[in-house]
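Each structure below is given as structure tokens.
In the two assemblies presented below, chain A is common to both, partnered first by chain B and then by chain C.
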Partner chain A sequence: MSVKERDPLSGHETTGHEWNGITELNTRVPRAVWFFIAVTHIWALVYWVLMPAWPLVTTYTKGLLGYDDRERIKQQVLTADAEQAEWTRALATLPAEEIRQDAVLMARVEQTAPALYGDSCAACHGSDAAGGPGFPSLVDGAWLWGGDAGTIMETLRVGINAPHPESRWAQMLAFGETGILTRPQIRTVVDYVQSLSGLDTEAAPDRLAEGETIFAENCASCHGENAKGIQELGAPNLTDDFWIYGGDDASMFTTINLGRQGWMPAWEDRLTVAERMALTLYIQDLGAEQGE
Partner chain B sequence: MFRTLLKPFTRFFEFHAKTHYRAERHSMALSVGIILAAGVGGFIEIAPLFTIDDTVEADPDMRLYTPLEQAGRDIYIREGCYACHSQMIRTLQDDVDRYGPYSLAVESKYDHPMLWGSKRTGPDLARVGEKYSDDWQVRHLVDPRALVPESVMPQYAFLLDTALETDSLPGRLAALRAVGVPYTDDQIGSAASDALGQALPDTERADGVLDRYGDETNVRIFDGRSDRLTEMDALVAYLQILGGLTDLPTKTQPARGEE
Partner chain C sequence: MMNRLTTGERQAAMVLSGMVALAGFAMAIVGRGDPMGVHGWITLIFAGVLFFLVGNVLYGPEPTEDRSASYYDDPTKVGILLSLFWAVVGMGMGVWVAAQLAWPELRFDAAWSSFGRIRPVHTSGVIFGFGGNALIATSFHIMQRTSRARLAGHISPWFVLLGFNLFCIIAASGYLMGVTQSKEYAEPEWYADIWLVIVWVVYFVLYIRTLARRNEPHIYVANWYYLAFILVVAVLHIVNNLAVPASFGAAKSYSAFSGVQDAMTQWWYGHNAVAFFLTAGFLGMLYYFLPKRAERPIYSYRLSILSFWGIVFFYIWAGSHHLHYTAIPQWVQTLGMTFSVMLLVPSWASAGNALMTLNGAWHKVRDDATLRFMMVAAVFYGLSTFEGSFMAIRPVNSLSHYTDWTVGHVHAGAMGWVALITFGSIYAVVPVLWRKETMYSWKLVEWHFWLALAGTVIYVFAMWNSGITQGLMWRTYTESGSLAYSFTDTLVAMHPYYIARMIGGALFFAGAVIGAFNVVMTIRSAGHQAPQLDYPTGSEANEPAVPAAE
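Up next is the complex of A and B:
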């Protein structure tokens, strides 16, 4: 280390380093920096006393304010519940028709249901509720299990073919794979079913008659003798224009050959009764808007 | 006044400044000093978490990942799903409103490494298990935009065509046991067979899975094809158990809408 030198211009000491005649000043740390360091240290001391801060061996200092994230979120949830209680309780307890008469409640439904639908239902049924291959449309008026509020509420609660213990259960059997029907028989009954819903089929009358017999022996027990479906069993109406898995030859062959089994999740644990009622009213209205 | 307040500490500040002045002229002393200063954060803030009693909640009924689910977890990591999906519901009201009860530490007890994440390009997946059907998960992984038109998620259709490698599963389970996951010798020994059995319901192998991992275990044909075990089976099995290893969060947190 060199003897301390003083820079004649600024009056500060130099570090003693020199490169080609340029010396490095040893300027003091500005006062403002010391000030802020002091303030942050004092703030840290205050924070340690007030908030959970220091770990001890098997526990930690809880702080004088007793702040706890979990306690805070618990209070927030309870407060929010209490604030909404007036209308959520009404949604959870009143019958659907009565809720429909109440403009205030319906305004709440219109406010909350789209967000609930978007997060929970849109993934399968689509953001326009028109469904897709394998996922039923909610706006076509063709309900598998029934479209009244009570039935929709129950479907939402327990799901269909879901792991819920009370889940609704329905399965289209694999008539081809299990050997109940031969491939030609399946093709014949496909033609017959297509003729029921007015789809263009060029099958001869005797082929349709054969298809009718196959249908009566194998399909009618679930889909009904008139093929209009049985809602208690979740068996779809085959005489309308709505197809979950497609009404073309190939799709229908696959359906009958390999069977089908949808899966609607159960929402009992995820959505409250009020939320499920809001969704029920919402999708009923969606269907009505789009002319059923 | 400020000056008077600081007066008693003047000697400390001067000592500090002098030491610092000397230390920064000796590279080794400075390095040691930096390591010590940076280490304080670890020693004081992280190390005690291993001894503090309530860091991880106790749940004796906590379920283990089955070999198939663990294999799916490894695929989840391999494909970088964690880069866009978090698995951590924070103690914030909007998180709890959307995703359900906030995450507890115990839920990640058997996660090595944990996949909490800090960025959500896609939604949080901590409780996605059983929220959608297996079929939906498969089709969504094959082509996300077919089901969610506005999605920006990449396609993972190849998982459906890639056979799951199961030979290394006993080793993977043994490695997890070494870091504290309580797999038994029996579970490790039959890991490859159990991975197959979980996707083949109503077989002897499937019964073995239920024996070893409990009757609550999901035994299903996850990818819709019973003829082979694919990486899709594993990933969907994993996604469907997310949030389902323990019911402690729902038991300890107030349910919404039920004051």
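Up next is the complex of A and C:
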């Protein structure tokens, strides 16, 4: 039953079996296949001899080259740290003004900070640092806690409303929910606050006067009598044109009714002092560029 | 369809579906308030519908035909249709997932439509739904014809096919509810895994029993591959899914492995799912439909042996190349890398064997899109196995790992190899199964071919560019030794490639829809043709003969 036939096209014999019309030729395995099998296997053997490869009972074959991934990565990290040591130490110890005077150090900052900002800060503050709903702009010159280098460094270190023991802490009270202000009172004070930053409220003068009274009694303790904010308390300026949570009627009503409590992580354990200094200088420069 | 079952078989089918329905009801009770309860109701409805479908014809007439004189193709037919259904679902999901990466708003703010939930619906939909059904269906077809024996049983093929689809439904619906084991390609929870083990063991027994009654002295190569697929997938599935349920009433379990052992087990599984699900089984398809369609003998039987044993031996070692430069010991990485490289030659031997088989039939490749599907599939098989071995080399992997290059590699294999060989096989087998002269429209087959090829090429090129760009950006340092690009910089750079990828996927999806339409129209309308020697025959004669165990 096993009838071998010769394939007229290739001249090779079949194996003599047939399955549902399919036959197979008995062609030899091409030389090239054996050659490449030899190449890949010899390469593997050589690699096994040179590198860590086969498990033994309690250890493994270490390889003639003595190559160890973990050792190598440790060395690479040490080398990289050593290469950076000089300028990172300067960034970590010198005051900001002095760093600004040093063109070499500032070149390091310009190379290091953008990616650092992109990976650490951009998710909330935006890749252009202009903020967004719920997150303040870093380039409008309006600082909740202050924009000098020392203050930014401290904000970065401890965060705001963060689990850090020394965290900055600030909370906008829920004036409506807690019954301090009635809903009409909230609407009135919204109109007043909007008028402070030149928003067109179309409110009558006596309504604005009433709003001013409500403001003085409830809001001024944090936001200041002139509503320009108090940086020691992290209370924002209400007379400029940037609104973290929105300056329209509905958003402001929600802010006053339910309160707000923003959150910024503490970076002390995640970024080195030098990295935080680089970010501080970078953010200050961003603001300066956009301010011009 | 059910009139081909005897009354006894119909009763057995009712008992089985009734038992599954009861199990579903029990799950619905103990799992109430949990996704497991929903899965209980799904199981109850699925099995309940089957129960009543069979019950409806319980007292119908007994089958009159001589069942030994024909192959049992009903499960194959249903399997082909289910495969196409899942192709449309899974690839449609793929286009959506791809679009979400370019435009995240396309999530529409629902939990079920978030990327993390619909991505596994895409991957499981195409791998298990489309690929798995195609494998089961073609394995039934090929095993009968190359053994000249009817399937060993009339209930177990249905149990395997429908049970497997119940698993797919539970998997996909579970993902949308947030059920996952967090193991890639093994996401379904413990009860779905147990169910799949039962289905798979029945599949294995059915395959072995049918082979045992074969009328051929030798087992054809395609069956070696299918058998390897069934056996090894069972082993992989059982070991990787070993877990302790947190409760018998909830869809939550904890893996039996922890730490690096868990990672190693998972990628031993993950890589060999590629090897034995997405490669071995589909090589079985290739080994049957390509020579059949080309009407040429297989180029070299010896090469078949060499590549089969090479593939099954070397693949099993290669999984650790998914974990290069991680916490697993370096010697494990060495073994994964070297075995991956040694795997290349047997893999290319398969692709070469397929292409050399076409010698003398290249004019058919030019004229016949169905054969061209298979030819291009073999080319992509060669391409992606080379790429796989290349990417397994540690220094290459340090660039490619975690980037879109990996995604491109997977899709070169999944679209270019797995899907193309499947579509080619479906176009070859549908006219045979439904006794038609040809497909409804050969022009639509051409359209499908070119859409699929264009889609694959666009997809793969987009991901190569994106992946290499991404990998290079991640490792670019400034003179200061700090990173030159932030992660969001790389996202911006990848955005155009993500759009291109979605377009490539959409073209591929459009081809699949056309293919499904063409198959349905073939079944409904094309002319009838008497079968040509497509029934079990005795070893010497061409007349129908009684298969050994019937």
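The rule is short, and it goes like this: the second predicted complex is superposed on the first by the 219 of 292 C-alpha atoms of A that agree within 3 Å, B and C clash if a C-alpha of one lies under 4 Å from a C-alpha of the other, contacts with A are read in each partner's own complex, and residues count from 1 in each chain.
Operating definition for what follows: a residue touches a chain if its C-beta (ideal position, glycine included) is under 8 Å from a C-beta of that chain, and two chains touch if they have at least 3 such contacts.
Here the structure is a predicted model, which is why all the values come from computation and not from measurement.
After overlaying the two complexes on the shared chain, residue contacts for A:T14 are found with chain C alone; chain B is out of touch. Contacts of A:P55 after superposition: both chain B and chain C are touched. Of the two partner chains placed around the shared chain by superposition, chain B is the only one that A:A274 touches, whereas chain C remains out of contact.
Contacts of A:A204 after superposition: neither chain B nor chain C is touched. With both structures placed on the common chain, the touch criterion links A:A216 to neither chain B nor chain C. When the two complexes are overlaid on their common chain A, residue A:D119 makes contact with chain B and with chain C alike. By the touch criterion defined above, A:P163 lies against chain B but remains apart from chain C after alignment on the C-alpha atoms of chain A. When both complexes are overlaid on chain A, the residue A:V33 reaches chain C alone and has no touch with chain B. Using the contact criterion defined above for the overlaid structures, shared-chain residue A:L65 touches neither chain B nor chain C, since it reaches no partner. On chain A, the surface patch touched by chain B in one complex and by chain C in the other comprises residues 54-55, 60, 69-70, 80, 84, 119, 122-123, 127.
Per the touch definition, chain A reaches chain B in the complex via residues 35, 38, 54-60, 69-70, 72-74, 76-78, 80-82, 84-85, 88, 92, 119-120, 122-124, 127, 132, 134-135, 162-163, 262-266, 269-270, 272-275. Residues 145-146, 148, 216-218, 220-221, 288, 291-292, 295-304, 306, 325, 329-331, 333-335, 337-339, 341-342, 344-345, 348-349, 352, 359-360, 478-489, 533, 539-540 of chain C touch chain A in their complex. Taken in their complex, chain A has these residues touching chain C: 1-2, 7, 9-10, 14-15, 17, 19-30, 33, 36-37, 40-41, 43-44, 47-48, 51-55, 60-61, 67-70, 80, 83-84, 87, 107-108, 111-112, 114-119, 122-123, 127.
Partner chain A is touched in their complex by these residues of chain B: 2, 6, 44-45, 48-49, 51-54, 91-93, 96-98, 100, 102, 130-136, 139-140, 146-150, 218, 250, 253-259.
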